[in-house]
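One chain, chain A, links the two complexes that follow: it is found with chain B in the first and with chain C in the second.
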Partner chain A sequence: MDITRPIHIDYAQAVPATYYIDPDACLFLKHETCQICVPVCQSKAIDFSQKAEEKIYNVGAVIVSPGFGKISEEVLKQYGYGQHPDVVTSIEFERMTNASGPFQGELKCFNDGRHPKNLAFIQCVGSRDIGCDNGYCSGVCCMYAIKEAIVAKEHDPECEITIFYMDIRTQGKDFDQAKIKAENMGIKFVRAKVADVMNWGKQIKLTYSTMDGTHSFEPFDMVVLAVGLESPKDAKTIADIAGFELNQYDFCRTEEFDPLQTSKEGVFVVGAFQGPKDIPESVTQSSAAASLVSSLMKSKRGEGVILKEYPTEIPVGDDDEVRIGVFVCHCGINISSVVDVASVAKEAGKLGNVVYATESLYSCSQDAQEVLKERIKEHRLNRIVMTACSPRTHEPLFQETLKDAGLNRSLFEMVNIRDHCSWVHAQEPEAATAKSIDLVRMGVAKSRHNKPLLEQTVPVTKTALVLGGGLAGMTTALSIADQGYPVHLIERGATLGGNLANIKTTLRGESPAKLLKTLTAQIKKQKLVSVYLNSELETVSGFVGNFTSVIASGKTKKKKEVTIDHGVIVLATGGKEHRTKKFKLGTVKKVITQLELEAKLAGTGKNRAPDSVVMIQCAGSRGADLGYCSKVCCNQAVKNALKIKEINPESQVIVLYRDIRTYGFAEDQYKEAREKGVIFVPYKFAKKPKVLSGKTDVVEYFDPILQEQVTINPKLIVLSVGIVPEGTETLSKLLKAPVTADEFFLEAHVKLRPVELAVEGVYVCGLAHGPKPIDETIVQAQAAAAKASMPLVKGSAKVAPTVSVIDKETCIGCGICVSMCPYNAIKMLKIDKKRKAETVPASCKGCGICASRCPTFAIDMGGFTQDQVMAQIKAFGNIEEVV
Partner chain B sequence: MGKAQNACAGSKSSEENRAGSVMVVGGGVAGIQTAMDLTDLGFYVYLVEKGPAIGGAMAQLDKTFPTNDCSL
Partner chain C sequence: MSEANPKILGFLCNWCCYAAADAAGVSRYQYPPNIRTIRVMCTGRIDPAFILRGFSEGAAGIFAGG
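== the complex of A and B ==
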């Protein structure tokens, strides 16, 4: 979209941040001329005589993660791409909204530079399209289109946005919330197939037809094509070299119950090449593959590793001069388009103890870390105030740089002027700049009191506790044991298997019963797994590496209690079918759930596949009872509908749905169901179907093609009721692990830490995390096993130094802190016959409740002491204080 | 990214038979995460990327849902 030079870095934060020569653009490599760069380069780094070398590495396993390919221009051309400059792909649009993009984040038309006032998204470009042999659903485009639409709306609230779609497939955890947000922002969703894209002067005219048969046309300033994910261009080459098979769409072929194993032993696949998927799923697969390799190669663990070494820490004492360095980040234009970064840096430079203040384009880039290290050395800085973005994502990176420079990481302070200033005050740049200056002054004031804090290391009990003996729990337990660590597997019920026992077959025709049998046999054989049936977690105490749990087994009368020491906990407590009270479930006999239908179809009953069946999707999910999408119901409905058709081809099966979410390769079965005569009728949330009882029990629904209410009297009414988590409330209290509004466990970071919880040493997988099908559960369970094994592998765990410190002199032993602490991290001691409180650093999460409640101010929080907070408040009032 | 990078630093040497080593082909978000997790589990990783920088498709993204975190 913009001109790049033949010699460049792709983007400022690139790793490695080394310039490279694009062989397709270089005049020497193409035409053997030029070579101007060679003498110009002062460090003589350009050497055209270098040739590609071949090297042989003998490795124990290979993981392929080549990503995905681009939809071909041929396909895009059908949508006017290349014929009008303002028909762009979603990737190009993503770059346009990006601060480091061709227009520095300004949204404008290529045609004449005007700001687009109306914008259309066309979904399913290159997906769900047999015309281009991509029959599958890419699964990510609906979500990213919604994200891009929201971002565009944030750029220009006046901009009218329409999304043309077939089904909105936001089946990911909490993704539906984003769709609702988009609707509330005024983004229009139109279920229509776009038939024609035509140049219309400066604009582009779209012709589309809706379900009711109307044809409409509408001009737009810009059209965004939501392009799907194709198999990578070199898929065949990679498969040939590595010797594994591809599927019909040239993605890597894997088995449903062994989703990351390619057809070649020792070669695993992760990411979009395994099947189109989004970031959290890719990240989960990555961890899962690491766990598979770790089991395979456990005998070689640790043999090849080189440990990173840090320089000795520079001592920073109370008497040393405070020398603060302030770094103000532009974040491309994320900050600098609103906040006057130069004047923030200038004002910072005037503050007491600040010996160095500067600006930087991207403080998080690799070369910026080098600069940071150099400046620390050059100016003998012993406090750093990074004025940039959120410490949640970037604090660890900068703290690592401090460690590399020999400074204690607690001497680092972060001021968030992106979220707190440029984002929220985008419309008032002057006020945003003034606020940034205030925040920096406060940060500097606090930083003066920053002291080096000791990072504690605690030994780890090399044993895991897994709660829940369903598919997720069994898989995790086996995977941790296969990696060489003992596991206690706790199951509330009398047998292992959980929901897996209720599922008769999968959409791809695999047998869950067989899987359960295999897993049960493996667990029996695996000596490192101890199974506790009819058992529940009674209490748990301790911290990462050192948990102690009491497990109660058996009935109340004959209850037996066992105490177990373990280093990590995996929560795999599962979920269950949601029993809705709507649609007369439980009162009318012919109203049943999909799971009940599945059991019926697997039996031998004569009328198990009657002549007419109506299925109602989202009977519990997406608003009716549950706020979320249960992800598996559409596949289950298609599976059961196909089964009915198989047993009784004459049967009339009607599926009433809101959006059919057969994402990924399941789209093939959806297509098959339609071809076999299953009738799919969409309904709107406001016009839900009803089950009415009179002489007979009928379903009434609005038919969008006939445009009228239709009444039908089927033999069976089948509800897709959705999934609810089980027991997460009790466990979340026991473990202090947060849950979402829907009571699923909340992961530490949705994208980057999808199986870890905020409480260290506690991991989650399976339905307890969110609704998901069998293959995704297996992967997530393997991923949780990888993460849970890490502390066990290391044998020690690091504890964050931001913990409470109790001054024994001032402590009066009242015990308020002990009763207030949500983590049982304070214990009472008797010292010289006096009661004194003491913190257990490894249990302390640094929440500060104890410090705020202490009547004698005896408690200070590491990194957030009374002095520091007071200094910050004083600095806000502009009272200059120099140490 | 630090760890994956460190584990890779030796890949220019002529070593061929390092015990406990694994190869990850593709340096997008999936490959990077795999490499980092493998190093945390005690293995040496060769991370192979065709392009001049790691990051893959994720590096092209502006903001990620739902936290608006920048993708880099």
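== the complex of A and C ==
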């Protein structure tokens, strides 16, 4: 889309961010001329004499993660790509809306540079299309198209956007919310397959027909093709080299119950090559693969690890001269376009104890860390005031540099003149500069009182607690035990297995009963797993590495309590079928749920697959009782419909749905069901089907092809009711772990930390995190095991030094602090028959409530002492106290 | 202290209000440049003495964000 030079970095965030030579564009590599770059490069980094080398490594396991490939131009051509400059792929469109893209984020037509006023997205380009041999659904395109549409709408609220789709497949956790947001912003969703894309002067004309039979022609300024995920170009080569099998679409073939294991032992697959998937799923799979590999290789754990070493800490005592260095960052132009950085640095240089003040372009860059280290040495700095961005994001980076330079990390102070100044006072440069100078003065005042603080390390109890003995809990317990650590597996019910016991078969025809049998046998055999049945968590206290929990077992009368010490907790408490009150479930006998149908079909009853069945999807979900999509119900409906057809091919099965969400390779079974005569009829949320009771119980629905209400009297009415979490409310209070609006546990970061909770040492997997099918549950449970094993492997946890310190001399033992502390982090001791308070540093979160309530000022906070805060307040009033 | 340009002293909790102020920056929300802030790990850290001292140093108002 833009001109790139033969030597370039692909994009600003590329890893590694190193320039490379494009062999197709380099004059030397193509024609053996030029070589201008060689003498020009000051660091002599270009050497054309280098040859490719082959090296042999002995490894214990291989993880294959080549990602996905591009949909071929042949397919794109059918949609006018290449024939009109403003037919672009979604990948190109993503770059166009990006600030580092070809138009600096401005949305422009390639044709004449005008802003597009109406925009169309065409879904399923290269997916769900047997014409190009891609029968599968890529699973991610609906969601990213919605995101791109929202971004385009944010760029230009006047821009009219239409998304042409077959089914909107936003089955991921909270993804439906994005679709609702898009609709509220005025983005139009039209269920239609676009038949033709035609050049129409500057515009592009789309021909499409909707379900009611109307044909429409509509011109657009720009058309975005939502391209699917193709198997990687060199899939066959990789498979041949590694010796594993591919599936019919050239993705890696894996088994449903062992989703990351390729057909070759010791070779694992993660990411889109295992099947199309989004970022959270890919990140989860990577952690899961790490778990599998690390248990395979646990005998070699720790070998070849190089521990980072720091220089001996330079002692900084109370009597030492305070030598402050102030670094004022430009942050590119983020700060310097508003704040006069030079004058902030100049003013800082005039402050007492400041022996060095300077500016830097990007303080956080790698080379700036080297400069910082040199300056510390050169000017014998023993306090650093970094005047830049937020300590919440960047303090750890600079503190690491301080440690590298031999300074205690608590001698670092950060002043935020970007997030809190230049960005929020963009129109008032003078006032922003004045504010920056005040903030630096306050920061310097505080830093004069900064003292080296001891970083405590506490040992970790190398044991895990897993709550929930369903598929997720059993898998995670076994994985942790495979790493070599004891696990306490707590199950509320009388047997292990949870929902797995209710599922009779999977869409791919596997037997969950067999899986359950295998897992149960493995748990019995695994001596490291202790199972507690009929048990629940009563209380939990402590922190990462050192939790203590009380587990209550048995009925109320014979209740037994055990106390367990453990280092980590995995929440795998699962979910259950949502028993909706709608559609006469529970009152009319022939209205049953998919799970009940599944049990019936697995039995031997004579009439188990009657002649006519109506299935109602999203019964109580997606905006009714539940706000969300339960992800598994469409597959379940297709599976049961196929089973009915297998038992009774004459049966008429009608599935009333909103969007069929058979994402990934399940699309094949959806196709099979249609081929076998299962009738799929879409309905709109506003025109839901009804179950009516008169002489008989009938289903009434609106048929979009006939354009009228239809009444049918089936033998069975089957509801796809969705999944609700179990017991997350109580647990979230016990653990102080947040849940979503739908009461599923909320992960620490949806994309980057998908199985960790915000509370350190607590992890989540399975239905407690959100509805998901068996294979995704297994992967997530393995991922949670990998994350939970990390503190256990390390064996120790670091405690932040910003904790309370109690001066025993001044303490009068009143105990106010003990009663005020929200974390039970202060205990009372008897010293020489006098009551004294003492902090438990590992439990202390540094809130400081104790310090501000202590009647004798005996308590102070590390990093936020009385002296430090008072100095800041005085500096606010422009009083300078040089020490 | 000038009435037209009052100086406000703010104490921001690291976990909520300080994070919110960061988020305001990221979203480029514009607000008056009168506040000078001190980060604390919790508003529970705010000693009554801090507030009194703030006023005596010329603060027109004290903002506790937590």
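We take it that the second predicted complex is superposed on the first by the 652 of 883 C-alpha atoms of A that agree within 3 Å, B and C clash if a C-alpha of one lies under 4 Å from a C-alpha of the other, contacts with A are read in each partner's own complex, and residues count from 1 in each chain.
One rule holds for everything that comes next: contacts are C-beta pairs under 8 Å (C-beta built on N, C-alpha and C of every residue); 3 or more make two chains touch, one makes a residue touch a chain.
In this text the structure is predicted, and so the values were computed from the model without any measurement.
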item: Touching partner for A:390 - first (chain B), second (chain C), both, neither; value: both
item: Dominant contact partner of chain A by residue count, chain C or chain B; value: B
item: Touched partner set for A:864, first chain B, second chain C, both or neither; value: second
item: Chain B versus chain C as contact partner of A:793, first or second or both or neither; value: first
item: Partner chain(s) touched by A:432 [first = chain B, second = chain C, both, neither]; value: second
item: Partner chain in contact with A:59 - chain B first, chain C second, else both or neither; value: first
item: Which superposed partner A:294 touches (first chain B, second chain C, both, neither); value: first
item: Partner chain(s) touched by A:828 [first = chain B, second = chain C, both, neither]; value: neither
item: Which superposed partner A:873 touches (first chain B, second chain C, both, neither); value: second
item: Where chain A meets both chain C and chain B, residue numbers; value: 390, 392-393, 423
item: List of chain A residues in touch with chain B within their complex; value: 9-11, 13-18, 20, 55-68, 91, 94-95, 97-99, 101, 143-144, 146-147, 151, 174-175, 177-178, 238, 270-273, 279, 282-283, 285-287, 289-291, 293-294, 297, 300-306, 308, 331, 334, 364, 389-390, 392-393, 397, 400, 423, 483, 749-751, 786-787, 789-790, 793-794
item: In the complex with chain A, residue positions of chain B that touch it; value: 1-3, 5-7, 10, 14-26, 28-34, 37-44, 46, 51-70, 72
item: Touch list for chain A against partner chain C, complex; value: 390-393, 416, 418-421, 423-428, 431-432, 434-435, 438-439, 442, 802, 845-849, 851-852, 861, 863-864, 866, 869-870, 872-874, 876-879
item: Sites on chain C touched by chain A in the complex; value: 7, 9, 14, 18-19, 21-22, 24-26, 28-31, 33, 36-42, 44-50, 53-54, 56-59
